[in-house]
Amino acid sequence: MSSRTSGVVLSIVAPLVLFVLLAVLWQWAAATFKSVLPPIQDIVMDIADRPDFYLTNLGVTVEAALLGFAIGVGAALLLGAAIVHFTFLRSAIMPVALLLNVTPIVAIAPALVVAFGFNQIPHIIVAALSAFFPTLINSITGLRAIDPQALEVFDAMAANRREIFFRLRVPASLPFLFAGARLSVTAAMVGAVVSEFTGSSKGIGAVIVMATTYLNLPQMWAAIFFSAITTLILLGLVGLAERLIVRW
Amino acid sequence: MSSRTSGVVLSIVAPLVLFVLLAVLWQWAAATFKSVLPPIQDIVMDIADRPDFYLTNLGVTVEAALLGFAIGVGAALLLGAAIVHFTFLRSAIMPVALLLNVTPIVAIAPALVVAFGFNQIPHIIVAALSAFFPTLINSITGLRAIDPQALEVFDAMAANRREIFFRLRVPASLPFLFAGARLSVTAAMVGAVVSEFTGSSKGIGAVIVMATTYLNLPQMWAAIFFSAITTLILLGLVGLAERLIVRW
Amino acid sequence: MAPATATSTIELTGVGRTYTRGKKTVQALTGVDLTIRQGEFITLFGPSGCGKSTLLRLIAGLDTQTTGDISVFGTTPKQASGRKDIAWIPQSSALLPWLDIKRNASLSSVINKRADRSGATTRKPEDAVDILNEIGLADFLESRPEQLSGGMRQRASIARGFAQGAPLMLMDEPFSALDELTRDTLRLRLLELWDRHKKTIVFVTHSAQEAVLLSDRVVVMSPRPGRIRQVVDIDFPRPRSWELVETPEFVAKVAEVKQILWSAWEGDE
Amino acid sequence: MAPATATSTIELTGVGRTYTRGKKTVQALTGVDLTIRQGEFITLFGPSGCGKSTLLRLIAGLDTQTTGDISVFGTTPKQASGRKDIAWIPQSSALLPWLDIKRNASLSSVINKRADRSGATTRKPEDAVDILNEIGLADFLESRPEQLSGGMRQRASIARGFAQGAPLMLMDEPFSALDELTRDTLRLRLLELWDRHKKTIVFVTHSAQEAVLLSDRVVVMSPRPGRIRQVVDIDFPRPRSWELVETPEFVAKVAEVKQILWSAWEGDE
Amino acid sequence: SSSSADTPPATAGGSDLISAERCAENQAAGPITFLTSFGFVASAGLLDVVTAADKGFFKDLCLDVTLEPGSNNTQLVSAGTAQFAGVGSPSDVLVAIDNGADVSGIATYGNTVAITLMTMADGDVKSLSDLAGKTVGYKGAIPPQISAMIAEEGVDPTSINWVNVGYDPTILPQGQVQALTGYKSNEPLALKAQGYDVKEWDPADYGVKSAFNTQIVNNTFAEEHPTAVEDFLRASLHAYDWINESDANLDEALGYAEKRSESGFDKEASLARWQTEVSLIDESQPADLPIGGENAAQWQPEADMLLEYGLIKQKADVDAAIDDSFVQKIYDGNDLIWPAP
């Protein structure tokens, strides 16, 4: 019992100690090197001053990120399912997907604004492209990660493809899909924020750019902070969903 | 034999067909919508015209990416090893590492330039920060992924920590480390390119910014192309190293 | 329960299976002639790599022979499996971890329902819960597989096979992953079920003792290439129990079966 | 080869081990009194969960008892393992996949070298290659584990144990993952090695037959809480061979050992 | 938003400020996007557009104008994603057109160099020739005006370690760069406001001729909706005049920019910025050109400079890059025609 308690204490105290250390380091840097980092209290005060400003812009970003996440993950799931069933699709799609994965998507964000205009579409596309690859990889791995002996049981009953897919592959792939979703939701948020660096006057990315334009360091770091915290919350939600759904 | 041959043909033809389709789509878009995409031949000609320009800048980026990769992966390996041995370090470091992972590192790149000046350091740092997390996660997983029965054999011989680490944990973790390295090398390249958007006049990222400023679309896409291809080559090298080292 | 088809036997004539991998060919099975009678408990016995699993998979329609013919109840194996006339019980329990034991055991009721609706079936699905009761899992209907011991999981897997109501059950080393004591109990449980439900069972094992204890006939096989060495009749009266194992006749029969194996096969494992 | 220490026996007095997980406590082992003689082949036999592995791990110093005393050659288990006086042979072969068979078998030569240099050891490492030859792996010295069959891997694992030169070998179900035929051969191989190298062996098994075939004494254990039920002497002459298994005396001894188990234990697996 | 006191109130679907026929033509142009080039700063060609939008001048002329903070402006306008944009100088237009952009410069506010080079007054750089081997910061692309100035002093521009920098000018006093390019109206003022003593090297003093703050239009749009282009310029130049009418007006205009910036807008710095740019414009305005007016003579020096520094591949056709027809139509001499015909 005592070792468990000390474990819990440790897992709270240890990161706190590190965070306090990092905060002290931050404050020292903020005091010593002007214009590099703002003092933490300035960030806190800025957030306290106008929470609505941040929350409104955060809402815009989260909307783009979640829509992009849904689209990217949806496409990845469909393609993953198709690839598992038709081998030639794998050879066709994987090189393109790989190429997409190694492309700095941020660099093509401006081109997307040119193509789709000043609305949420380019940011949603960037979020979707960012979210696509991790889920694709994980869905392919997951849909294949079936117990071959279980597959034999299905085959011996003359189960058709649909039955094998929905009663065997899909449930078996869920732990992998959630691992992919965790990567994808992070990528979608970062993608949405970064794509808002151009072609948007709303959203956390735009707030960051505005802050750079006017050298408003507290605003910049407050925005980065909101983006990071939100991603953590989204990660938590994915984890919660996993715990509710994957109970085995 | 014939099914093997047709498999090989398929794995070459299928992606080619898709690439040709995408190229046709690209050309149509380039011809129809002005200034959205450049025609492919313009990109090719620009590269043919001044390969040195691209290769020199690519060299700068690859140098930053590889240095950052080495530092980020090195730090991740050290921390991973430390975490495996001292549990409290895990509780301390993981939350910070997680926070780092959900921060849009691109957004803090300008602050790093302010802090470290106009040299390769900020770009190396961004590459290192980007490379850090995937290897950290994979090294922790890998260093723990030892056969518990093998560990008992070591313990029964009264092997010390050093022996268990180097003769058991390290080799057992190699497949995981290479999986992490693959993610890290991609992240390092993308990080280096994107961080060069500010604070540099050399490197692929700077070439992209220059191209945007002057509306030099062929240059922009040529730069993106070089960055993607280089990442693919680096991925190939990691794969090669893995095949040479992990032979079991 | 008597199958409605013209023939209730499984006939194998000149069955062979060759695997090709690159330029290498492996003759996994060659010249297998065998007739399996309705209601029989027949065991395939032999060392690793002698083609036991290959033969069982051919009968199940999970794989196709390269030479020879296989008839299962007068049709091809694939047609028989299309009627759900074949229940497959694998080595690992291969339960679905996301379903409770009851749903796992009644898996066949949600798969290939067309076979259930077509009148021509020789098969009548049985109530999974009844069989789980018979096999001693009455208290674990709502449990998930991970909450059960290895032996209990294997019972659930066997229950799943019986619940399918197929006249033919194929079992590929269903007990080999279990510890010996658990195995001992499950062997007798299986004999009880078989006795009550009158299935034809083709059973694969590495254990001569298990083969002799369970079977009407033991098919002794040998490898490289995989083929039938001899078919040994086992005439001990049924129902059989642990007392039988201690009789000299039983010990002698086990020795005889092993002897066929050793004489056929010069490898050292 | 005779140990240089004052006592060559392993003594257990009132040994118990309780596991605590959260608020639940499991008494894995209680009141174990046992003296293991030098050069003896002793087997721990019992159903799953009766504490066989726990007991073996306590003797190896891999775990620490919550009550009682254990002395291995006059010292604590941990001190004995510090001298590399204990060789551990696990259930899976647990070979290192990145080393070839020769390097795997000679693992002890690169681990804990201090023990090799201190003169006070009761142990003399043996040449791994010699033992690999004895156990029939002469042709596979340069092979990697993945290239070998399960039985061959298990032999390499046993060779690794013998090469350590420890006077005490602890084996936790080393054959249970193998198929029965492979097992049969390895059992005899192990007896040959033991005969030649004069080790003390504590062997865990689920198989009554295996226990009776191999041992000088069988320790029959029962679970909840794990404890010793009875220690059965096995007096069959050595060297033992397969002929022994077919004798009525052997069959009766196996039945006797099983009977102790069944009488002690009311569960059904 | 209501119209200001000196203009009659607008009526639905148009106003007294424009004929119904012209109003219909402007409305046919549909929604119009104008891209600022640097947030919503108080720059000429930008603050006036913001004011025209927020005071309803565009609406009065039946134009539906949305403002977006730009980035890759020439690309966005060339593609037709946006119809108008402000860019730093004619150079930006010429380079973009050299790269195939389908845009034209339709108005240029300043007729001198807006760009400057800053060093620390107490720093190592005592003359431009000291720059060899030093680190010099720029934004996005090295301004040819600075290259020309340096070359004029006999310094090889390639001997300088050029670095693309962010928006923070304090890297100069902090020593990360020894010189920094910027806008006369912005960075030097910002640094001086923070108490730093910076020295400016004005390319104009070295004979460099240039212009600044050019508005561009998408050529197809301009062809299809010439009146909309005219009235876009009319409304923004009207706003320019209105802002300069009084301090109160300027203050109101800065308020609009501040509101659009949401946060971080420094009103004091912006005021100084606007005043600096207006005085640069007034000082350099040729007598024969109205505010915003263009001609080839104004652009030619930059075109020559670009060719010299290899920023364009072929000699620029300045006449084709400029479309001064719109400015000409909205002026009577140097007087803006208001209201619209």
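Per-chain residue numbering starts at 1, and chain names A, B, C, D and E are given in the order in which the chains are listed.
Going forward, contacts are C-beta pairs under 8 Å (C-beta built on N, C-alpha and C of every residue); 3 or more make two chains touch, one makes a residue touch a chain.
On a predicted model such as this, the values are computed, not experimentally measured, just so you know.
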| item | value |
| --- | --- |
| Fewest touching-chain hops separating subunit A from subunit C | 1 |
| Joint neighbours of subunit C and subunit B, given as chain labels | A, D |
| For subunit A placed onto subunit B, the superposition rotation in degrees, Cα atoms, nearest 5 | 180 |
| Interchain centroid distance [CA atoms averaged], subunit A/subunit E, Å | 39 |
| Interchain centroid distance [CA atoms averaged], subunit A/subunit D, Å | 51 |
| Separation of subunit A from subunit B, taking each centre as the mean of its C-alpha atoms, in whole Å | 18 |
| Subunit D-subunit E separation of Cα centroids, rounded to whole Å | 87 |
| Interface hub residues of subunit A, defined as touching at least two other chains | 33, 35, 110-111, 114-115, 212 |
| Contacts with two or more other chains, residues of subunit C listed in rising order | none |
| Multi-partner residues of subunit E (at least 2 other chains) | 71-72, 75, 79, 166-168, 170-171, 174 |
| Touching residues (chain side subunit B, partner subunit A) in the complex | 10-12, 14-15, 17-19, 22, 29, 33, 35-37, 87-89, 91-96, 98-99, 101-104, 106-108, 110-111, 114-115, 186, 189-190, 193-194, 205, 208, 212, 220, 223-224, 227-228, 231-232, 235 |
| Complex interface listing, subunit E residues touching subunit A | 33, 38-39, 41, 66, 68-69, 71-72, 75-76, 79, 81-82, 166-168, 170-171, 174, 260-266 |
| Contact footprint of subunit D on subunit B as seen in their complex | 147, 149-150, 152-160, 163, 167-168, 171, 174, 246-248 |
| List of subunit D residues in touch with subunit C within their complex | 47-48, 136, 149, 151-152, 176, 179-182, 185-186, 205-210, 245-246, 248, 251-252, 255, 261, 268-269 |
| Subunit C residues touching subunit A - in the complex, by the definition given at the top | 57, 60-62, 78, 81-84, 86-88, 90-92, 94-98, 107-108, 110-112, 115, 144-146, 160, 164, 170 |
